[in-house]
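Have a look at this one before I ask anything.
Naming follows writing order (A, B, C and D), and every chain is counted from residue 1.
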């Protein structure tokens, strides 16, 4: 349940309320909202009498949270969550472009892409160092070397870095290099990983699973948030419908208004994985911005035909510049800014 | 296969080529494209030697059509099909708004909606007279009375009419009242109906089935076109994915670039049926326009809470005016016009 | 709601109750169950006070039917519906095998198959005369000639005939030749057709649509039943899941226990269309019988490699004999009979 | 590619062939099949000339493996894989019943269930100690305590143990207690976990993901096998189709003939998770056996209404005895044995 505390309540009184809740079997999270103290009390499977809670000294108002996700719900936190990534605000008015290669293949590749996408207005550099591949015989990524390349290129171009973490064992090294930890669609219910990410203070970009319902997806966010890490960005990347041969997955843009209604978390759209075909990325990126997303995640490769991974869906550098220009016009039409083209003093990396 | 004929070929020579094809088991369709005569020759299951066809006098070029749909394919007709509906061009630069109630319930309801949506820029009035309902006990529509109401309101407001035909037996009366014959998602493979629609000279708006692949959907268009009626508009209205409780269906906006690539037919988006919830219609309408659709089909009701059908997804009149304004801005951003707000001299009805 | 009337109630009293219900906005259906008169009263969207109904003279008990389908629900009719088709009982202890070619192609083909499947224990001959094909250029069936061939072959072998009706316009001629009218998956929500089938006294085999939920499917049955025709057999034939390249559809055998719980109607399984590959039909036919189906619908062709339709999924005659033997053993294991191999005096056709 | 070596080839010659393949970029796996040495050489993305390989001294025959999975494919290993688990052969003629509670809740619960299911013919005891739960607030399992309880109960009743591993960090302790390591549906593409399981010599039961295609699922098996662990059992547990409210997932029994055709690995069916409703487990268990599965995985709880997890789908002890009797009859009908009821000298645990 959500418990709004009286103005000017002192910490002893808050502690007393928390104690009461804990002894009644609840887990309690504290949040300051609009200058007021709020508690989120979670008691799965228990029935707490709301009137008893209301009667506790210092309690102003009490309401049930009507979803199985609690901390992730807008019922608990009405205001949008805005996540600061080295000066870039994700979830605010600006639509943030994130772009880069599917996999880090080498220094020159990443630097070329980083400069180009930064010049077109992207603020976050994406790139896979640990690659989840369907085949054990396919290229599995450059690992730490890849992270180093990514960090250097991002620093040079003044960008933040988002990269995928596949397993808890990679967490420590990822924290050294990466500004946003990406959880891939296949790991959306890797609960051990989600719990570990709840323990760190680093933004997480959580992709929707190929067959995740909204509730399952937001419950995955809740796993991270219930551990203490509130900086979760959700990312729609196409679901598995009955399919067909013309797109890889089905991009579900209704996720944008649905997430905005259910949750306060920022939502980013990845049209590249959703459609899997270069020439369909552009119209769907425009559509995502028009529908109200907070950011785009786009695959760009200097020479897609030579890419070790996901070549067919990667944009060429010129394609990305065209995309950036087009989505900027759409963003303007709905009154939201996108970072202008051209280099800019960027964020410092996690060790900066 | 597609057969491009020599410039200035005379009709005797064309007839000779057609005869050759027919005696070799083909069905032949003729089309003038860019001032040149073209034949589409269809021989399911047969192997015709392309070189033999190329050698026929008057043949300029021959190419296989690489899809099971032929007349509907862009391989056959590279230029966009633009369909004239009483002066409204569907499939051209303008994005055409079609709006109205789910079901015709009475004169006042339809006139109110017609005036309001026309004033906001809609050019086609939608409304169901014959209603396909999941339950035999639910309101089945006003039938011919409904058609009369719809026609009168459209004429008064200077609009065209689109309404659903459920069965061949309704065709004759529909032709008296309706400018565009709508085929519902549940009838997308009602082949008897599709064949009958191939025999008339009236535009058809063909909704995608809840589980239609792109190929099946375009093959349904082919059924109509192979009968002689080339005026087919396809309409995406949400597919059935694994779903969830927050939207009725999953709107597949990738259908827009896919249809545009595979086919020359106009594509319209129906976000109302796709999401089934009022407040999610607006963002998805914007997204559809941004993705490049040729029109929108929107449910509007003066008092949705009293609607006999689909109330929860129907926009209020004010909502529609807001939607029209917002999608107009998106359309401008991609360089496409939408009819301005305010009444205008409209098309005459089918009997006008 | 379901209204059980007092023992020995006279027809005037029943009429009085029915009148009361009608004046309160209900549609009323009458049924004798276990020697007692029962009424099914349907009032979509209305709230009738159950206590008022209970107080009517002659009413013994009243209960709401907790589903949107009423006549099709087991809540209304607890006992299994058993449908007599010329002496063959469908829905009783016996598991009825229905077999034959996908499409009627000629006399010799159908007679050969009919004799062979009859000899192996099949009691109903299937075969398509009107064929719903995805492509307008594919073989569309022999029409009435096909029906004649089917009837003659069935009569010769002492079998009943099931064949697909695609449109109301075919109903009259179908009634002359066919014992069971099949509604295909694509027409499961062709409500005009379903309503017409409600007006005739002939069993209907209603296939599940590719994306029909259980409720939608049983509501389609309700369309037929609410018109007066209670002889509905439902048939699962595979749904469209996210799919893959190894089977055509996904056979949902959970439909058997679900239908048995929700409804009193017989359920038949069509593994041929579900899997679309010959060598997977046999194990799934065994599974269907083990799960409790009331019948099987199997495609058999004397020379599948020459079939004009669905060759890859059609069993050879020998395959069917093997299937019949194997499913007979499964049926024995669960205590249900299947007709023995060998010819038998069969049912007379609809005109017999 | 698959390389069959000459009879009587010596190890030096084999080594020479392997060296040649490695220097040409291949990974090589060795297998003895039917008394002959076979190599499986994998070179993703490379084109090796088969004729060159055929010309190497000691090579008898060479063939491409027509799937992306290699070691898991029947093309590589035509004979069924039979996995020995402490004397129980999985993948042989016997159909092996695995049963137990969803989650280990306490000693008495597990011992009661173990004795009961063993008495009914089950040979493997299932039970979750580490539980993947959609909600972070739901019961997460007893961990190592749960494993100890499970092992003790299994040893007492003479059974093997299968239990789920969620993360690499649990592997060491799992190896101390568990005979078969289960990978859950949500982890089917947790590649880090799969790779770790490839390094141990312990059978793995790999569940199909909710939206895994056959290829993706067998590629997940390939991840384990390519690491050296060939003891993989695949387990179908229901996929996510468009769904409905009457079952939790859609059990795809066509997986049985498809896996049997594509692969040599044993396949087990879990009807409990597939349907999620107790009374539908029994008919689908019968169906699975009839379709040719190698085993069943069934949830049983002494008091389902008190279960901390998955109560609604857990069978009562009596239900399981009835299930065992019924599936035994089906197994007999298709000529396969199931272990008889009654206690038996069981396998020793992993430390035994």
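In this text, contacts are C-beta pairs under 8 Å (C-beta built on N, C-alpha and C of every residue); 3 or more make two chains touch, one makes a residue touch a chain.
Keep in mind it's a predicted model, so treat the numbers as computed, not measured.
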**OP:** Decide which interface, A-B or B-D, involves more C-beta pairs in contact, and give its chain pair.
**Re:** A-B
**OP:** Same or different, please, for the chain C to chain D contact, judged on whether over half of the interface numbers appear on both copies.
**Re:** same
Subject >> Interchain centroid distance [CA atoms averaged], chain B/chain D, Å >> reply: 50
Subject >> Centroid spacing, where centroids are CA-atom means, of chain A and chain B in whole angstrom >> reply: 38
**OP:** Could you list which residues of chain B touch at least two other chains?
**Re:** 211, 215, 240-243
Original post:
Considering the complex alone, what residue numbers of chain D touch chain C?
Top reply: 211, 213-215, 239-247, 250-254, 256-258, 261-262, 274-275, 279-280, 283-284, 286-292, 326, 329-330, 332-334
Original post:
Where on chain B does chain C make contact in their complex?
Top reply: 27, 42, 44-45, 68, 70, 132-138, 166-169, 186-187, 189-195, 209-211, 215-216, 219, 222-223, 226-227, 240
Subject >> Partner chain D, residues of chain B touching it in the complex >> reply: 211, 240-243
